[in-house]
Amino acid sequence: MTHATANKPAWTRKHLLSINELSAEEILYLLDTAESFKEVSTRSVKKVPALRGRVVVTAFFEDSTRTRMSFTLAAQRLSADILDFSAKISSTSKGESLRDTARNIEAMGVDIMVVRHSAAGAPQNLTEVVDCCIINAGDGQHSHPTQGLLDLFTIRERKGRIAGLNVAIVGDIAHSRVARSDLRGLVKLGANVTLVGPPTLVPRSFEQLGARVTSHFDEILPEMDVINMLRIQQERITSSVFPSIREYIRLFGMNAERLKRCKPDVLIMHPGPVNRGKELAADVADGPNSSILRQVTNGLAVRMATLFLCQQAAMA
Amino acid sequence: MTHATANKPAWTRKHLLSINELSAEEILYLLDTAESFKEVSTRSVKKVPALRGRVVVTAFFEDSTRTRMSFTLAAQRLSADILDFSAKISSTSKGESLRDTARNIEAMGVDIMVVRHSAAGAPQNLTEVVDCCIINAGDGQHSHPTQGLLDLFTIRERKGRIAGLNVAIVGDIAHSRVARSDLRGLVKLGANVTLVGPPTLVPRSFEQLGARVTSHFDEILPEMDVINMLRIQQERITSSVFPSIREYIRLFGMNAERLKRCKPDVLIMHPGPVNRGKELAADVADGPNSSILRQVTNGLAVRMATLFLCQQAAMA
Amino acid sequence: MTHATANKPAWTRKHLLSINELSAEEILYLLDTAESFKEVSTRSVKKVPALRGRVVVTAFFEDSTRTRMSFTLAAQRLSADILDFSAKISSTSKGESLRDTARNIEAMGVDIMVVRHSAAGAPQNLTEVVDCCIINAGDGQHSHPTQGLLDLFTIRERKGRIAGLNVAIVGDIAHSRVARSDLRGLVKLGANVTLVGPPTLVPRSFEQLGARVTSHFDEILPEMDVINMLRIQQERITSSVFPSIREYIRLFGMNAERLKRCKPDVLIMHPGPVNRGKELAADVADGPNSSILRQVTNGLAVRMATLFLCQQAAMA
């Protein structure tokens, strides 16, 4: 926790809405906090009392078992009380009623609401009507900040740094909140980001965010330190210019052959769940370059840090 | 906790089935207990060990996310272990099988069963076959005692008393367990209750329970201290004498115009969720006279008191 | 805990996959441990800190509310953190993807995974890819070890011993994992097991496992100490040689008349839920010979022992 100064606390946000809003210093402070929480997970009693008596509600208006489990386990490890609010989209997807729902949940004494919603901006929207902490667990194609932070954490853990690294993100960038969150965080921390995919899915406009854009995967392989493979959304691929998934995989899939052309210590990432044999070959996914399960493990630490820091800021 | 005497404990019930069965003294004792629990919710660690090691099962045979959440949070705050039993109606709605289900759940070491069921009398029925505490969380059109109690709590909190107040309940009284529970409690504590709605939905027979019955909402507005607006069940309204919802709202909806004709400190209540712009205009729902979110908050304290007192009585 | 020796711990398994793999000594050690845990359930604070800070995930790929509740309550009583993973069969039933799911769950820091799956061998399969404890909560028609163990526990509790007892298991043996688990455990502990049912549902091949096979229920009634009635799966019965359920019940149902021909202290068991009036008459199910609810209660103690011993072995 080396990034705080005597005069100003290093983290003052009670909400985490996107990586865009964070400074490089804030990101690093959160990663450092996550590192100290990761140690907790190695103990025999994997709990700290940091959020004892606090109430965390997971409000997932869009399904995501894995992310919800990760937040739940993170909250349990901080000794919080946790409750899941599984909403039927029908009754809550419209603006006013989502706000009503959130205000009702908050009135039950909730301290932190972890929100996933298909509408970009929904978590931000809720901060206008509730006082409790809002953590964005994915909103439309906009942002998925804890995924971005756990990817940064994993890269730093494996590579020792982020600044100066060459990082590729491969796939359907245009529709991916993971890609957006990773890109923002990586650029802030000084990595060189290359976005790879067919032009329909990786528009040139992303260059304005500080990335290089290319559709020639094979050309950039040798120079990459990290390659993050996005999950194929089959319906999106086939509705683009591509004749078939098979053709897409031929151009943009990661496999043993392509891995040979990479640096020996290249880090292969994937936000999960993997379509084995499609964007990522099974042997690469399970091989020594892969960080897929480590990303899952680190997600817990990053989410513990997020819950803890936001709650601390809310009390300050 | 001022209502206990040296000779007789103030609360001896291990079940809470309806407000009908409670004496005014018992109601006030429960409200006092809830008041002391409400203080717990203002602490930074919002927990007391009162039910540590006790097991509470929420057995909701009819869906109700909000009430279930409120009971769950109340039980967590008392340090109980909580488990949800989400039954498919098909396999459990028939008499014998519901009893079997309850006896099986109890055999797992359950101390308190919070039951919601579409059949009036189902919770009462279960007290004949299990030894654990049964808390009625709403049974058909019969009773919803914790809703009634949280409404009484909120009125007392905002008005300082209940006896002598003029309270209107507006809407589909005939089919509402909330109206029945509120009416019983208010009459027991000395309030003057007026039931308001179209004659098809507010039968004269309710006068036998001590209420005044009227279909002229506008006439009674000026004298009311409290107005409790019931949620419109659209299908019920249109199957009654009314040509349309619009016509119903014109006669029985609460809005800014009607609010002007009320006492300045009139309390506007609603059991939630609100149909904004229908039975209740949005500006009134969010205005200073509204107690909607406070009702939600108080529900937690009332349910903590209910779980605590019934469990205490079961152990005595 | 009398079965441990100085040189070798009495329980060294971190997984519980089936009763087949257990020695008589191991079974008895687990039953003894369960007995000591049963005492915990009689305390006012029904908790021990044995699994504090440990994470138990119930991964039920086939629905079973009761078994899941029992495991959850057992884990709560051991102070573990518990999370349910309710998987949609579609996305996880295929080999590789089930393995991926399990590895992802484990990567979140899970210590014990309680797995139910429609495919025989699925839990065993998972032990090849994860390091955490795997507890089989029922896999296809293969095994349901904790049900077998709780049946053994209940018989020993009521009869004082298992060796030498005459035990009948009645019904659709061929398709029942409960029957298989009970049979294996009973034979290991020296009981004389008779399997009863129509030849299509009780193949002669079961004799190789040490059981007697018969289709004459009435003949064996007088000599039995324990009769375990399996639940009728209606579709299975009618697709066999039987003209009707009624005919099946006439030959293989337990009722007051048949009970009269049994020993006065015969123990009538059923894994639940009972089809009252079908395989088991209501008066027998609720009568003094029945151990149905006691089986449910004992299930908790047996599952506490299972979770505790496997976790201990994993740490050793």
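Order of writing sets the labels: A, B and C. Residues in every chain begin at 1.
The criterion applied here is as follows: contacts are C-beta pairs under 8 Å (C-beta built on N, C-alpha and C of every residue); 3 or more make two chains touch, one makes a residue touch a chain.
What you see is a predicted model; the values in this text were computed from it and never measured.
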Relative orientation of copies subunit A and subunit B, as a Cα rotation angle in degrees, nearest 5: 120
Same vs different contact residues, subunit A with subunit C, by half of numbers used: different
So, in whole Å, the Cα centroid of subunit A is separated from that of subunit C by 42
Please output the residue numbers of subunit A that touch at least 2 other chains, ranges allowed. none
Sort out for me which residues of subunit B touch subunit C in the complex. 52-55, 81, 83, 85-87, 96, 100-101, 103-105, 107-110, 315
Residue ranges of subunit B touching subunit A (in the complex, touch as defined): 41, 43-47, 65-66, 69-70, 72-73, 76-77, 272-274, 276, 282, 293-294, 296-297, 299-300
